[in-house]
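Pasting the structures here.
Presented sequentially are two complexes of subunit A, the first with subunit B as partner and the second with subunit C.
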Partner chain A sequence: MQEHNISKGNFEQCLKCNICTQVCPMFEVNPHYPGPKQAGPDGERYRLKDPSFFDLTLKYCLNCKSCEVACPSGVKVGDIIQIARLKYGRQSNPLRDRMLASTDLVGTVASVLAPVANPILAFGPAKRVMDIFGVDHRRTFPKYSGEKFEQWFKKNAAPAQSRFKEHVAYFHGCYVNYNYPQLGKDFVKVMNACGYGVSLLEKERCCGVALISNGFGKQAAVQAAQNVDSIRKAGAPVLTTSSTCTFTIRDEYRNVLGLDCADMASTVELAVKWIYEKIASGKVNLRFRPDFHLKVVYHTACHMQKLGWALFSQELLKMIPGVELVVPEQHCCGIAGTFGFKKENYGYSQAIGQPLFDSLLAAGADAVATDCETCKWQIESGTGIPVLNPISILAMALLTD
Partner chain B sequence: MAESSSFDVIIIGGGITGVGTARDCALRGLKVLLLEKADLTNGASGRNHGLLHSGARYAVTDMESAAECIRENRIIRQIASNCVEQTEGLFITLPQDDLQYQALFVERCREAGIDAREIDPAMARAMEPSVNPSLIGAVKVPDASVDPFRLASANALDAANHGAQIRTYCEVLSLLKDSGAVVGVRYFDRKKKETLCAYAPVTVNAAGIWGQTIAAMAGCEIKMLPAKGSLLVFGHRVNKMVINRCRKPSNADILVPGDVVCVIGTTSDKVGLDECDNIKVTPAEVELLLREGCSLAPELENTRILRAYAGVRPLVASDDDPTGRSTSRGIVLLDHETRDGVPGFISITGGKLTSYRLMAEQTANLVCRKLGVNRKCLTATEPLPGSEKHSNPDRELSIAFKAAEGRHGSLTGKMDFSQKSEVLCECEHVTRAEIAYAVKTLGVRNMIDLRRRTRVGMGTCQGSFCIKKVAEALACELGCPEMEQEFIREYVQERWKGMTPVCWGDSLREAEYMRKQIGRNINDEI
Partner chain C sequence: MKFDVVIIGGGKSGTLAAYKLARAGKRCAVVSAGHCLGKTFRREFIALGGTFLNGDRVTGGNVEGGRVQYVRTENLGENTVLEAGHFILCTGKFFSRGLISTIANIYEPVFGCDVLYAQDRSEWTVDDFFAKQPFENFGLRVDDSSRVYVGGNVISNLYAAGEILAGEVDIEQSVEKVCRNII
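Here is the complex of A and B:
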């Protein structure tokens, strides 16, 4: 006799309780979005009957996975929606979507052209042109760095790493490489202070999160396979400073892109988790500046919530003497990577973010801490409060000789 | 007796044969009354696979039925396009089966005029990925799936459009006789709670398994041999094509994709006539269906079963065998004037869903002969309401509209999506607009009637989430808000009857969830 009934994508375990709909940030602000239950398990039954039941409103899913976190039946609601989008969807604005999703290509070009590209991207009339292109003029692209993190690392940090007995590998992600190498530098500083040397992967590609959310499944799978290969070869724990990259590699490669990489997933983790566990087990001891003072409000990024690791960041921050930590209720910031850059989504993106902006402002902190770079862009533009990765705060507070 | 009226023909029974006959007679210009003691398709018509046979299943054992099926299959695809899904079918041979049988099967299919093509097992796996991969032989045949509720509803609607009176919840109490002939019926309207009489020169007994009782009212004997067939409904489609086992017809060897679910069946067990009003599916039947189902499509092993149900085949003992041991599987049309000396009375029984139109045609021919009317049957060419060709210029239609269009075809345009687009049943995407339409046009009297016509509550949650909203909307559309609680009670009982035999795993969790939502216990009043 049948003992289990768990179909592919386990959508039939859905009891139709609608808890996912209750927690969906998009459903709350967008009357056109049917919500995760209908877009996911309900829609899937009809799509199995006839693919023409694919609903264009699925594009509104932020892939925040709040639905999956809330589901009492363990249904992978968000995955069902992502897979359907990859299988049946079409880009509404292919050129723009391709540009937004191709972080490696655009990042490489823009880094070279940084002195020219940055002022142009911030220039008013140029933003109006972006508007026609489908990128909202109220958005400001993150600045491109003239020197990529990888270049800096090879030149300035790599030689010194050999003095450490033990090593970790660093998956830096596109943001650190092209826009904000300072976070990578902070990571190296913190790891070295922990007594570990840092190496880079043999070849790192963009994790592919933007490709997945923009419907470029094939390209995402190619890059994922290359990353999986590099990660397997690393021979050391692979640490990260971006919750979204981490979540994509650990969960989306397997569940959405269908890669056979269960062995690899658990070797990739956020640096905050790794460091916290080392300190908690007494293997690492960090020394902090006695004069450090910072009031920090911590924002739990949606993918951090999905990973279930926000507590590691929070506990680590609490270990720093002089840090006063406030943790408000979790709320999506609304940007969802490239989603919020698109002209047609800007309004929804801001409407979702507003309650978060209000609660962060109400905290009266010096800085916001979060593990996600796109949350950083959204919160900085929405509140004007500087946003830092917990690793950067750790680096700032370290007592160095 | 408050009222009486006269007709050309009275038809007893709102199964597919009854409504088909009503439509045929109405299209020929006859004044028709149809009486059904419950809702349309309450008997065997609503409790089967929903398979539009290609006839292949009968090719080896009953050539006549096979040829009949393929002819009707082609006609029904044409006249009822919104009720039929052109799924096509496979007959598969598994390693434990005899491959010799497949050769005979293909030969007989061709003799019957069925386009049966042997295909490579690898090709069969590509065409139907859910099929048991260990198959050693496959034949493709023109099977299709048909929604019997919609088919009956479309026939009833068209009959009514041509002047027929379709009265559901009207139970025949006795036949009125005048010097040996049946001249009318006395019946009880269960909704209005009144007893009425109707008169017609011809009365047709199309009461299915209950036909024996109706015939007895005229003093005629028909020996029905009720055979129970049980089926399981799975939560979603695992197969796109009908999958049959290529062997002598046996238990649980057909898996039919119907709308968004799939159905495995059937079993076959003799039951007493007195059990037919309340048949239950046994654990042994569930186990058998599941085991055999998994040998057709192994994925069923891990697929949630929504419910189990059973129907009773109206098999008739052959007239030449009074012991009742041998049955007639074909169409049985009895003219009681020549058979029993009772003028004005006809019984139509036997047959199958696929051949309903032919049964109706033969019956209407006999009715016309008796009435001295000479009009041609039109049902083989006239499309049923909803299946007319139509197009929707707006390509970005809502899922709910598309789902409704899948159910009602061209008639979806009559629904008020501008005002009532709110989705009430989310599993099946049923809007208030569709509910209002069903109440206004399709003779819906309660939640169960509504379910048959719209799929309300037939999805994964079996109504747990939507039942209150739907009951409220229905009561409002019917103009009887006081009925809301009664609708819920009646509906939950009917759902639980189907859920109980398969209540484990996620189905059990769903039942618990329903209990919380509805505030009733699963064992209450079943």
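Here is the complex of A and C:
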């Protein structure tokens, strides 16, 4: 008798309770999406018999993993859907999807052309052209920074790091490198205040989350293997400031791309978790400005919820005297990375985000704190409230000599 | 991380207990292994500033001197534990994995609490499908203050409430009883 489950993603454990469907943010707003139970474990039974049972509406899955967080039976509903999409899916708009997913290539080109690219990307008629191309005209691309974070680091921060005895490595991610180096600068400032030097990885590629969600599994696996290699060579804890990069490296590389890298779970973690634990164990002591005041509402990004680490960000923020923290119930913001940029998805994206926008606005805070960069874009465009990474808030509140 | 009360399980009884204790000014954390009923109490608990660990699972606890000192969870990992003065087990029965049944026995997976159940497996069920099944009444043995036993010894700060208890259970009353003891 077979006593234990041997199915992939635990799908035989699905008891059809539909709790996943009930919490799915896409199912709530989109009648065309069959919901995680049917798209995941139910559909998998058919797909195993015949791949032509693959349902094209699986493209609506945000890969937010709310279904997995909710599942009382441990079924990897989201993973099952992602793997099916990579195996059987095809792009509805391959050129656009390739462009949205190629964060390293587009980022490198746009950083060089930043003085020209930024005004063009924000320019009305250019947005109309993008719209024809399949990128919704109501979206504004995040600005590209002229100087990449890696360049700034090598020029301005790297030499000073050797004065520290202990070091951490930083996986900065595409957003910090191409769009928002300030977060990387804040990270270096905070780590140095903790008494740790920062180094970069030998070679960092985009974590590949956009490639996975746009169906470019092979390319994602190549980049993943390069990152795993660099992370293993780091010889120090590898810290991040993006919940999605972290989640992708720890979980998706192994569970969705099938890489043999279980060690990533103990090597890679979010800086907020690492710093909290250092402070809690008395190894690090941060000093804060006495005149700092900020009312902050914390948004738990979906992948942060899946990691289960929102508590670390919240507790760190609470340690700052002068921070008043409000934590509402978790709700998906609806953007899901490149998903919300696509013309056909914009409406769903906004409909999902609306209840969150309302609850954040109701908090009456000066700023929203969140650990995810695409949530930041969505919330800033949906509410007008500035959105900061908790590491940036720490950096702002630090007492510096 | 220190709390007044850590509630293991975020279903009906867990969220109700959390809400009642938070209302009474206790700093509480709920570890909820899956989404469940009890949305309203969860919402109110979070609005009161309670900590709700969604989709996390308690993997084990440290019991010393007849008291639970702390518990660990899957997501918080090796370096962070949840410490508290009181702990409440609200993990329900078999579906929610508060109790695990195997071919040989029935056990409580977090602390290995004493479970009251028929030792002879043939007595777990009756043939009549529509009849009340004996296994529905299996559950934890508790003392007069709803505290559980491990290996025959009572754990002085570990309570149980809700479906996980043995016998016919009134969820609201079982929660009320535990909360009264703690407040």
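Methods note: the second predicted complex is superposed on the first by the 399 of 401 C-alpha atoms of A that agree within 3 Å, B and C clash if a C-alpha of one lies under 4 Å from a C-alpha of the other, contacts with A are read in each partner's own complex, and residues count from 1 in each chain.
Just so it is clear, contacts are C-beta pairs under 8 Å (C-beta built on N, C-alpha and C of every residue); 3 or more make two chains touch, one makes a residue touch a chain.
Nothing here was measured: the structure is a model prediction, and the numbers come from that model.
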Partner chain(s) touched by A:71 [first = subunit B, second = subunit C, both, neither]: second
Which of subunit B and subunit C A:93 touches, first, second, both or neither: neither
Subunit B versus subunit C as contact partner of A:328, first or second or both or neither: second
Partner chain in contact with A:53 - subunit B first, subunit C second, else both or neither: first
First, second, both or neither for A:280, with subunit B first and subunit C second: second
Partner chain in contact with A:308 - subunit B first, subunit C second, else both or neither: second
Which superposed partner A:267 touches (first subunit B, second subunit C, both, neither): neither
Doubly contacted residues of subunit A, that is, touched by subunit B and again by subunit C: 3, 15, 73
For the subunit A and subunit B complex, residues of the former touching the latter: 1-7, 11-18, 34, 37-38, 41-46, 48-50, 52-53, 55-56, 73
For the subunit B and subunit A complex, residues of the former touching the latter: 235-237, 257, 259-260, 287, 290, 299, 301-305, 396, 398-399, 402-403, 406, 423, 426-427, 429, 459-461, 464-465, 504-507, 509-510, 513
Interfacial residue positions of subunit A with respect to subunit C in the complex: 3, 15, 19, 22-23, 68-73, 273, 276-277, 280-281, 305-309, 311-312, 314-315, 327-330
Residues on subunit C engaged by subunit A in the complex (per definition of touch): 1, 33-36, 42-43, 46-47, 49, 51, 53-56, 73-77, 79-80, 95-97, 103
